[in-house]
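Have a look at the structure below, then the notes.
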């Protein structure tokens, strides 16, 4: 069975590859929603960042510069979302939808203005190039661990972030305050916590994480921007965040289920013989989504978010 | 008369009732201004862009006005359908991202009932209503799945509606349309067979292809409004809308069957959004093509939000977005990307979200006296 | 419309409506645009809008090797391209091109436009129409043949067959991959041809085939490619539009001994993909078909009806790319022989993947 | 020294003048009570002092210095602390996390939870306020939650402590504990502002008492120079009979009969362990007991929120197998919940919409599922008048009503619904003395009309005064049944603490 090890490892690596962008998005959601601000603009932020990352990398020839550009647009969008929802207590859903719609229009507009195409950018320097990957040669050949032998830096970053975010949220003063603001901002305020500051911070930090999700798409796995790049990934990140009960590890678990189902789906489709060959393609393709709902029905049950999630916080007058 | 209008349109008793109308208008205006700045920055002429955009939007008279107008209403009827799909659920406190899925489920149901044998032979006055009912049933059931999982299992509707969108997409496009419902190879048609003549929506504005879809959706919108505000059923949905997301139990304690209403709300939302897909098939494409990405469902969210989740608002917002989209392809004549109107749409929604700020400005303008603003607004800025 | 362009009195104006894929897909739509803009118009699209002329050198470089002998010359037409955001836009876009822009010929790219072209052709009998990949149909879905529409079809299974044969010779592991976008007719024809080609050379070759469900998601293409490679495939072919870009990325990251096979256009020439590891490409000359249709309008020889582009007339084919590096001369000769057999009608390539199992391949390869 | 002075405070809400030039001057080290009818503007004034509201005009002085309090942060800086009418706690956090929030012990950026735990433990010992520092707040009874609130502000070194209706949610024992704490704090030199509707409490603990009426200061009296009766008159502007009218029960047939009812609590343990009792037409059965001894489970089972593990509930002679709020209400049950925000009202709804909730499907409010707004408005106008809900405007949103008026709106809604059985869970919570009197009359009236009433209250005087029979609930069981004339508050108190059991009277 030794010959199966490369395949197993490659499959896990692929699942991780698939996981990273969605994980970033979900962590962005975790960050923002733990402070009580719903961010359904994860999708739009990913799209913006995916594009700006490619743009930056294209202009400079350096993927790290692209990364900075992507983070930059993440900050700008986060600030916009925070300005609307925190400063002016605007509806968080509406603000999120606004950013998503703008992402649809503006990015395509810029794509055409800059690259003379409406669909696909040229390839640029990226993190997935063999030379840019993190090589842990000693792991090669070991079952499962071998999957980690050649990952992009962004995947590692996503995985490490899960731990970091968990630590920040549950073991630091800042995390305690963030969660307090998300649970009961009025209580936090009566204790002298600057609710607005915390929310501003969490929203912008969450947006930057979502931006990393976009970057993982355009500069991690691939080396270019395509118009349909983020299509749905941000929303799946949102779903994973809820599935994972608004916690970093929960989100990771949810996405791993989904990513493994995706890889499994491709594998089953490719090797289908006999009866399995008769199963229509649509069932294979929808398998990950059905499994997610199934997992929710079977195991996870009711998810309860931060108590004041989505409620605009207004200072009484 | 004014009072009646006020009461119908704005809900009476608001001291500054006209604000509710003014805020979206100002939002739209601001969006156009910001859009112009954006165009200017990217090196194009806003004047040309808006001339083309509005010239072909169908909103204003001009050459080819008739067909633009028809195209606008065709689009609008679909946007209103998906917009209502979101708004209905929102009224019940549910966050429905599933309009996209309902739209395509409606489309495939319309296509099937439109071409399949036992139905295709029926006379039009039976066939068409039958299709509409079937479409609403199909979309309704697809919506009710999310409602059921929410009510009985507590599974968040955001997850289920997102997942169900994809499931619908793949089952339809990677199974039904390329499998059991595929048109016979000899016909040379890809996608499903074409619907029969009796399934096509009657045209009402020849020679354009405008059809009764706009009339149907206006009637449906009126029914939805009536349902919300005039019936006990709508009353119950609204009690849920104000409590469900906060975990409050007052409606339940008052004997309202919250679980059943949740399912029903999602059913209605799905049924109405599915109409949009049916309009597309029965009035524009006449078959379900192999690939059918529209984005009408997602734009429906924006439509609902611009329309403040109110039926009348959804109609107006649907017309606005329909007009923008109708004018959109024409801006390419000046080599402006066709997605330009999406930018305006996005800014409009953003300014709607910023309505506290806009209200603040208006109040400041009206009162010219900062002191009393805060108490008049009852919260917000400090 | 703004009068930014020169008066249109003498020049012939060609309109083109893309399908929802749009400009920049590196395959189908771009191919049609090359036929119109680069070849017939001798211009290039500039970012920010408008066209600028191109040099003779650029013009010559744009013509692929297998079309060098087709005498492609600029036709002096002006181009007007409208992209569609939605299927509903096809008819209004065509109407704009006919009514407002008064185009002489309107091209619909893709079988998705079959209905729109069919309806418009009846409405505007004085305008000529060209449809790619389909015959026009009317509002009832019946194939029609109006006097002002020419439809171009392509025998994708023929070129798919030849790249299948090349793949069969090139594989070292006896396993090859196939990545499809969605199960639509042209893609299925590619698949059928590819499978038949493989079967002809070596029935024992294992094919791992996957559909990604999308033509626009390179990430899925990459993922499918990785999966196939880890299962031992070393030659991969895709018919998945831009989704296939991901396949090339995967191939490029790994380098030898993996080979990728392009689709529709000669992807071995596309710097943005993976020229060093592009074994061949199955060519479907949408560009040439577009050019031919425009030429017929310019020269007044326009003929309605259906034209099928085949191996025989150079409308489909396979690109030489790295075939000479991977195959022996004997093998290349055999592929060429197969090509001639198809041209001569000695055998027929199946058009449906389901028929390949029961199809009897020619022997001796 | 003056600890706190407010001068000319005005607060204008849209359409409501909540505070009308209020002047108060509070000495250091005194317990200063503020009383006033519902909606008088007490909470508003306190929120202004704590920086939650911006006054329309007026000045505040703290320890003789003019201050500008813009946020609670400013207030905390000035050593002002406030225990709010609705607790400001993070339910999912532990006691410790709640107490240290905003001023956390830390090692660098890391939250030093161990240190926080020990700090809280110390604090709780120092002020003799017993809490379990590691318990989650959501799992605590309100009395303890209030201790957490007090500890919170004490930890921040508050010198001026504001309590907005702290006793409304407490049991008598908890109230006594609180008073002990307040006296101790006073001895430590802290200044306390205390808001309550219970004049007896005010008389027991306050040094001076300010009376607010319709946003205006009515007067300030010293405790020694006034009486409950006089205070009551100042509050409502008329004489109030504090005694509950007594009416003989004309008992009819059994309406609700509960047998061996076992119910699990939200946390999964059995909270009600096999309880049996009857409620008959025309009688009020009082349930006495310390909160958390099964009342919530009993209520939840009766209205169909929780399915009992075991036992039966018979309504009007018919055993109900499955109870849902819908079918039990249809059978003729009205329910006054103790938590008005969670279970009583739809806050963004207007009074007219709230008042028909539950009977909206009935004629004349609707016919064939279509609402009749004219009838609804007529009805709402009438009921707001009858139950003295202020403001009288049927278009006021419930959210903008004061706590007491929200309660009155619920009473108006539930008591005007046709019913045979009334389940009243703390019906007078947060009501001013005039309103309380009104509710007592209402309950008696209902009983005389033959309604069966189950009254759950923490207020022993209420139970003793109103009930025809009293059941004592302790640890999920009925440990005694008695009548008001056969027992005393002291005896009841012992039973409620499980220290005394009594044989049930055979029915």
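Going in written order, the chains are labelled A, B, C and D, and every chain counts its residues from 1.
Keep this in mind: contacts are C-beta pairs under 8 Å (C-beta built on N, C-alpha and C of every residue); 3 or more make two chains touch, one makes a residue touch a chain.
Keep in mind the model is a prediction, meaning the values are calculated, not measured.
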item	value
B-D against B-C, pair bridged by the larger set of C-beta contacts	B-C
Chain C and chain D: spacing of chain centres that average the CA atoms, whole Å	75
Separation of mean Cα positions, chain D and chain A [Å, integer]	45
Chain centre separation (chain B, chain C; CA means) in Å	37
Contacts with 2+ other chains: residues of chain C	48, 83, 183, 211, 213
For chain D, residues contacting two or more additional chains	54
Two or more partner chains touched - positions in chain B	42-43, 170, 173-174, 178, 247, 295, 338-339, 374-375, 378, 382
Chain contact topology (line, ring, star, complete or other)	other
Touching pairs among all chains present in the structure	A-B, A-C, A-D, B-C, B-D
Residues of chain D touching chain A in the complex	47, 50, 52-54, 71-73, 76-77, 82, 84, 88-93, 97-98, 101-104, 106, 109-111, 113, 152, 156
Residue numbers on chain A that touch chain D, as the complex places them	171-177, 179-180, 183-184, 186-194, 307, 315-317
In the complex with chain B, residue positions of chain D that touch it	12-14, 54, 56, 303, 305, 324-326, 328-330, 335, 337, 341-349, 353, 357-358, 360-361, 366, 369-371, 395, 400
Parts of chain A lying in touch with chain B, wherever the complex brings them together	80, 84-85, 88-91, 93-95, 97-106, 108-110, 112-113, 118, 232, 235-236, 238-239, 242-243, 280-283, 285-286, 289-290, 292-293, 296-297, 301-304, 307, 310-311, 314-317
Chain B residues within the chain C interface of the complex	42-44, 48, 52, 56, 63-64, 67-68, 71, 74-75, 170, 173-174, 178, 183, 187-190, 193-194, 196-197, 200, 209, 280, 284-287, 289-295, 325-326, 328-330, 332-336, 338-339
